[in-house]
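Structures given as structure tokens follow.
Okay, so chain A shows up in both of these, paired with chain B first and chain C after.
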Partner chain A sequence: MFLEVKNIVKSFGSEQIIKELNFTLNAQNTMSILGKSGCGKTSMLKIIGGLLSPDAGEIILNGINVANQSPKHRKIVYLYQEDLLFPHLNVFENIAFGLRLKKLPENEIIQKVNSIIASLELEDQSGKMPHQLSGGQRQRVSFGRAIIINPALLLLDEPFGSLDAGTRQRMQELFKKLTKEFDITSLFVTHDLKEAILMGDQIAFMQKGRLKVYQDKTEFINDKETGVQDEIGFWDGLKSKETISKH
Partner chain B sequence: MKFNWKPYILTLIVLLILFPFVYMVLLSLASEWRFPDLLPSYFGLRNWLKIIGSETGLLHSFLISVSISLSVATVSTLSGFFISRSVSYHPKKRVLTLLTYFPYILAPVVFAACLSYFFLRMGLFGNATGVIVAQFMITFPYALIFFSSFWNQRTKNLEDLVATLGGNQLQTFFKMLFPIAKGMLLICFFQTFLISWFEYGLTSIIGVGKVQTLTIKVFLFIKEANFYYGALSCCLLIFPPVVLLYLNKRYVFNKLV
Partner chain C sequence: MRNKFSHIGLVFFVLIGVIPFAAAFIYALLYSLGIVGVLNSGFTLQHWQTVLASSEVFKSFGYSALVAAISVVISVSFALWLALKFRKEFDQKILSFIIYLPLAIPGVVAAFFTFQLFSRAGFFSRLAYQLGWINEVSQFPDLVNDALATGIIITFITIVMPFFVLLFLNVYKNERVGNLSELAYSLGASSKQVLWRVSLPVILRKTWTLIALYFIFLLGAYEIPLLLGQESPQMLSVLIIREIKQFDLSKISEGYAIAIIYTIVVSVAVSALFSRKNKTLNEI
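For the complex of A and B:
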């Protein structure tokens, strides 16, 4: 397995936020993690990314236990719901940021950034400052900045949460395309049922600090806890009401 | 047609505001201007030339003031920036922030009187280093409070992002934090420079008359009733802040808006 998370536990004071977190993920796969606000999703991602220390447990990435490594050595990029573009840099420099930290040669940086910009369909925007971009464009730049450094694992914390429905759909399609193109392994946290089903090769559900990983999408859909059945019931009810009123 | 008084009133207000400054410059160029003479008996650069000759010690005071204020502004801005980060991310942030207001509970003169024993024991009484330390005790909390709004959850997230992108602490500061905070750093430098530049109470007690900054000198001339030199030292007192204000307006405020 590419990613193995074993027995991770985290408490804040007397409250246990993460309870015995265990799961595995294959390389180049995406695991969707569904859960309500405050269930521990963000804490889990931050622990895997090295931004929070776990009280116990192991995180094995590509055969190496990274639980005690600092974030900069893990090659795991954490993406927030907010795009967090650097306001003093234009699109090109925002995407190039990680490469400049590595002090790569200028020619290589230009070539890599231009290639990513083309993949993100942002050719006309490279000289623009973040405040001149739309929400969707900003989120694309944020992706590009993460992908360009070729991370071992990408952690996405409700990345499309602040986008409107249309832009959100386009971003989901773009993300699927990019994960294939750049062989990305990722954990995709969302509170949107449809998004969880669409984005993940694997699906998990988090509730009160416990993570349940499903064998397949059918098991996820059939589990009453996830709320999928309620959703189906709602739409079916609406449909039958409409049919009755027509008759 | 209705007569428009607005431009005339506006001109009058501008003239009233500018008059004290223009009069101060004129006074610095005059000497032996006694009542009921309408014009001074001498009008020229004699007073200003005396400064260059250091006869009155004004040039020396100007240089001391510039050195003290630049040191205080630089040290307090930089240390305030770094330490406010630690304070803002500290679990006991509220208590620590409350403590930063402590120097402002007392008037600077009373504050200096309370501290004078310690300054005396440390050999900081009556020298420029002592004045810098004393003024720092006022400007540093100001810088801490000033930067506390910068260190919020968004900045923390940006720092974390740089770390996950592979950046170390030094790169986080130089490639992200300093450029983002550039405007705030310059404004804080400007403000702390002004606090130090116009500081009188602390400087007079800790400096015990041996450290004669321009502000101290202005008061001395006023006490001596030498208003020509008083006006001249006021001109010198206002000149650096005006330059800083211009630079701030030209390079900072316009970019922030």
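For the complex of A and C:
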């Protein structure tokens, strides 16, 4: 397995927010993690990304336990809920940020950044500052900046939560395209049922600090706790009412 | 209705802010050109020629700019260090109260404290004597009314630095520098890279206008250089007031000429500063 998370536990004061977290993920796969606000999703991602320390447990990435490594050495990138761009850098420099840290030659940086900018369909925006971009464009820059450093694992924390429905759909499609193009392994946290089903090769549901990973999408859909059945019931009910009213 | 209020506001601004300033400026200009004034007898450029030929004015300008620049650089550097290093500690009530305290102390009181603490007859001199570090007062370094303006710089830092700490803490929070730093770590940055590539550029980009305005404010400071400065060179405001208030009434016109030069230099600097700031805001 590419990623193995074993027995991770985390408490803040007397409250245990992550309870015995265990799961595995294959390389180049995406695991959707569904959960309500405050269930421990963000803390889980931050622990895996090294931005929070677990109280116990192991995070094995490509055979190496990275639980005690600093974020710098993990090659795991955590993407915030908001499209958090560096406000003092333009689009090109935001995307080039990780490459500049590695002090790569200028020619290589220009070539790699321009290539990513083309993949993200941001050719005309490279000189613009973050405040001059739309929400969708900012989110694309945020992706590009993460992907360009070729991370071992990408952690996405409700990345499309603040976008309108149309932009959200386009971003979902773009993300799917990019994960294939750049062989990305990722954990995709969302509170949107449809998005969880669409984006994940594997699906998990988090509730009160416990993560349940499903064998397949059918098991996820049939589990009453996930709320999929209620959703189906709602739409079926609506459809029946419409049919009756037409007759 | 809203338009009416904005017009009244504009009238008040012109009445209180623009007209008195413009009247004072015109009066100073006329005085410096010999058109008004007790001993003046008509238009002359003599006072301006005397001022421009004297090295004292330019020395005073350079001296004031240097003292203000050193004070601002030290205050900003120290405030940045405090804000970034002890950010969480400043959330505590007592510390946040203590940092506000110096802001309530008037400049003249701060200068008096500096004099009491750092002069040769002051607290630290006596302490050094009691500890046996010095045998007589003259061995204590000249920290007040000295050529290096040590006393002035210490006092400027004391009154300005707390403001910068509060400003930087606020910008750190509003610009989400904490989250940006986490993101930079996640992208592979070291602590040093986070400081130089994220924290400092983000904070300074947001605050440089205020830093520049503080420099201008210190450039024209009066009470502190008056109490803690030396005879020559003097800081600008002290020099101007000295010229205007001295017994030789013919020197008053020269004092006004210096004041005009200072006003023009500062006005041009502020205009340049704000035209750039407005340009940035328009881009947003």
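The rule is short, and it goes like this: the second predicted complex is superposed on the first by the 247 of 247 C-alpha atoms of A that agree within 3 Å, B and C clash if a C-alpha of one lies under 4 Å from a C-alpha of the other, contacts with A are read in each partner's own complex, and residues count from 1 in each chain.
Just so we're on the same page, contacts are C-beta pairs under 8 Å (C-beta built on N, C-alpha and C of every residue); 3 or more make two chains touch, one makes a residue touch a chain.
All of these numbers come straight from a predicted model, not from anything done at the bench.
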- Message: Taking chain A as the common reference, can chain B and chain C both be placed on it without clashing, or not? Answer clash or fit.
- Response: clash
- Query: Touching A:Phe97 in the superposition: chain B (first), chain C (second), both, neither?
  - Reply: both
- Task: Using the touch definition from the top, say if A:Arg145 reaches chain B (first), chain C (second), both or neither.
- Result: both
- Quick one: classify A:Gly161 as touching chain B (first), chain C (second), both or neither. neither
- Message: If we overlay the two complexes on their shared chain A, which of chain B and chain C does A:Val77 touch? Say first, second, both or neither.
- Response: both
- Task: Give one of first, second, both or neither to describe whether A:Met129 is in contact with chain B, with chain C, with both, or with none.
- Result: second
- Can you pull the chain A residues that chain B and chain C both touch? 49-51, 70-72, 75-78, 80, 84, 86-88, 97-98, 100-102, 145-146, 149
- Footprint of chain B on chain A - complex, ascending: 49-51, 70-72, 74-78, 80, 82, 84, 86-88, 97-98, 100-102, 145-146, 149
- Message: For a test of understanding, state which residues of chain A touch chain C in their complex under the given definition.
- Response: 49-51, 70-72, 75-78, 80, 84, 86-88, 97-98, 100-102, 129, 131-132, 145-146, 149
- Note on the structure: In the complex, chain B touches chain A at residues 154, 157-158, 160-168, 171, 175-176, 179-180, 182
- If you look only at chain C, which of its residues touch chain A in the complex? 175-176, 179-180, 182-190, 193, 197-198, 201-202, 205, 283-284
